[in-house]
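For clarity, chains are labelled A, B, C, D, E and F in written order, and residue numbers in each chain start from 1.
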C-alpha cells in the first residue's frame, strides 16, 4: 500500500531578481520591486512530499529522522539565513522561487532512495507558491 | 522544465442557494440554511494553479503582473463585493461554489495562453473547498 | 487564580454598508464597494474571551457546554446564514463589523455570570478584525 | 462536469507508536519519543476529497449533510477522543498516521457511492501530513 | 523603551480529564468525551510573551538562544510526548489546559529574570486557547 | 463606545543583524545565523491596532481608505522589498524586529489623529512576533 508523507520545513533567505540576459529596463519591467539592487527577503516554507510503500513492520513510508537529516544537510544548511544570489547554485540562474524549488528537488532526489516519489513545493509568501516534480 | 505556480486571491460575495428546478421543500432539504431568502456571504479564497515551462531568461512560469491583471479583470472586478445571484453568469445556474469554481476556470482559460495548464480551487470557508480542472 | 479562556465560533452572513444619515455620494465615499446595493458577505470568526477564577474542583474557568449553548442561542442562531441588514438588531445601525462586535458582546454580557470578564473579537477577513470590551 | 469537493474534519486522539515486531531498542530507534509507554496525542485534521459529476439540479458534487453524517458515523464517532492503540482497528497494526489514513479511507470508501473518487489526507501536526488514495 | 516578544513552541501530549473530587456521573457531565478512560491527545501551541526594555546594544528584549534553552528545559523536555496525567505536576490537579497554562507560567517565571513581564497562552485546538499572567 | 480595529499588512525585506558596538565574536554569539554578512530576509506581517470611538454616522472607528493610505505612505513604500540595513532609519540602530516595530509605531503615531490609540505588532516568522505601544 502506497501513501504520501508531506513534511514542512522553514527557511529565511534574501534574494534579488535580476537577469544578466536582460537590460536594466527589462529587469525592472519583469521583476518590479523584486529587482531592487539591495535585495529583499522571505520566509520560505519548503514542503517535501514523499510517496512510497508503507513498511509492514514500522507502519511508516519513510523514517522521519532520516528524512529530517537529509533535508537539514541538503537544504537548510546551504540555504537558511543566506543571500541566494551569492551561492554557487544560483551563479548562472536567477534565484526565482521556481528555480529554488527545482534546485531543492534535485538535491533531495539524489539523496533519497530511487523507489520513493518526490514533489517539492515552496511557499514564498502566504499568497504565492511553486511546485516541481522531477 | 515545467513547474506550477499557485497564487491566491480573495473576494467577498453573498449568495443564496435556491434552485428553480426544486420545490420550496426540496430546496430547504438540499441547501439547509443556505436557502435562507435573504442570502448570506463568504470570504472566498481563489487559488489559481498555472503550470508551464520555466522561461530560461526570466526564471519564471508566468509574469505575475500579467496574471494579476488577468485575474483582476476576469474574476475580482465582476465578482468581488457582489451578490452572485444577481449576476448574468448565474442567471441559469445555482451559485454554488462548485459552479463559481467552474465559471472562474472558464474565464481564465479563455484569457491565458493555451500552452499553460490551469486548475482553480475556491475555498468557501476554512473547512470547505472546491477544485476544477477544465 | 484567574485565567482567560478564548473560544472561536464561525458564522457566514451578508451585509451592505449604507447609512441613511449620508447621501448616496457620501455612502460611496465612505464604504466603497461595501455600499453595493445587492450586498456581499463574509465568513466571520467570533472569538469570545472569558476571564474568571479557575474552579478548584473542575480545573476550568467556565463549563464549555454551557458557553457553547449560550453562544449558539445568542449569536449563531440569530446571525448565521442571515443578511444582517434585515435583522431588528441593525434596524437603526449600519451593520459594520464594529457594530456587530458590540451587539454580540451585549448579548453575551447579559447571558454570562457577572463575575466573568468578557471581550469579543470578530474577524471579518484574514486582514481585518474588531475588538470590543464592554 | 467533474469537480472535487474537499471538506475538513477535526478529531483529537492519543496513540503510542510501538511495534511488536521490533525489539524495545529498535522501537526507540524507529519511533523516538513517539514510543513513550504512556502515549501522547494529537489534534488530527482529516481532509476528505470527493470527486464526481456536478448535479445539474443542485449544482453540487455531493450532499454535504449526507457526507457529514457519513464521516460522523465512520470516523469521528469511532476515533475522536479515543486512544487509538486500544481500538480493534489497530489491534494488529501500529497506529501511525499512515495507517490511520488508510483505515479512514477504507471506511469511507465502503460508505460512499462507487462512482465518487476519494482521497483522504490526515494532518498530524502543522508540519506533517499523510495522503492515501485507495 | 519596552516591547513584547512573543514566541511559539509546540508540544504533543495526551491527557484524560477526570477529577477525583467528582463522581463518575459528574465527571462525564463536566468533561464529556474528555473523560474517556483511555485518554486522548492534542498538539498544544505554547505562546510565551515576554516584555522588557530593548537593550541598546543588541536591539533585543531577550536573547532568543537563552529563551529557547529555558523553554526547552522547563516545558518541552518534561511535557512533550508525555501523558500529562502520569506526571507529578498533575498528581493533585486535573490536567485541564487552564492548569497546564498555569504550570508552564510558574516554571518560566522562576527561570526568567524578574524584571521581565510574562504571559503564557496555550492553544489546545484551533478553536480553544487559554491565557495566564501570574 | 470605543472599539479596536486591527488590520494586517505584509512586507518583504532583508536584514542583517550586526551591531557596531559588539566585536565580531560577540555579534556571532548574540545573533547566530542572523549575523551572516550577506543578510537574509523575511515576510513581515504588520498588524496595526487602532482604538477609538465608533462614529455614530458611519459605524466605523476609522476610515479604512485613510488608514490604508497612511500605512502605504509611512510603512510599505519605505520598507517593502528593501534591505533594512541600507535605510536611514536604521543607520544607528540594528534592524532587529523590535526596532522595526518601534520605527513603524512612531511613523504611524505622527500620522494618525492623537485621540486614536495605537499598538503595532510585527510577525517576523510564524513563530516570532513583537509588539510595541508608544
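By our rule, a residue touches a chain if its C-beta (ideal position, glycine included) is under 8 Å from a C-beta of that chain, and two chains touch if they have at least 3 such contacts.
In this text, all values refer to a predicted model and were calculated from it rather than measured experimentally.
**Student:** Need the graph distance between chain A and chain D over the touch network, please.
**Tutor:** 1
**Student:** Looking at C-alpha means, what's the farthest chain from chain D?
**Tutor:** Result for the farthest chain: F.
**Student:** Using the average of all C-alpha atoms in each chain as its centre, how far is it in Å between chain A and chain C?
**Tutor:** Here chain A and chain C have centroids separated by 41 Å.
**Student:** Based only on mean CA positions, could you tell me how far chain C sits from chain E in angstrom?
**Tutor:** Centre-to-centre distance between chain C and chain E: 28 Å.
**Student:** By residue number and range, which residues of chain E touch two or more other chains?
**Tutor:** 126
**Student:** For this entry, which pairs of chains touch?
**Tutor:** Between chains, contact exists in these pairs: A-B, A-D, A-F, B-C, B-D, C-E, C-F, D-E, E-F.
**Student:** Can you name the residues of chain E that touch chain D in the complex?
**Tutor:** Its residues touching chain D are 10, 12-15, 33-34, 36, 38-43, 80-83, 86, 125-126.
**Student:** Help me check something: in the complex, which residues belonging to chain B touch chain D?
**Tutor:** Against chain D, chain B makes touches at 17, 19, 21-22, 30-32, 93-96, 98-99, 101-102, 126-132.
**Student:** Enumerate the contact residues on chain E facing chain F in the complex.
**Tutor:** 1, 3-9, 54, 57-61, 63, 65
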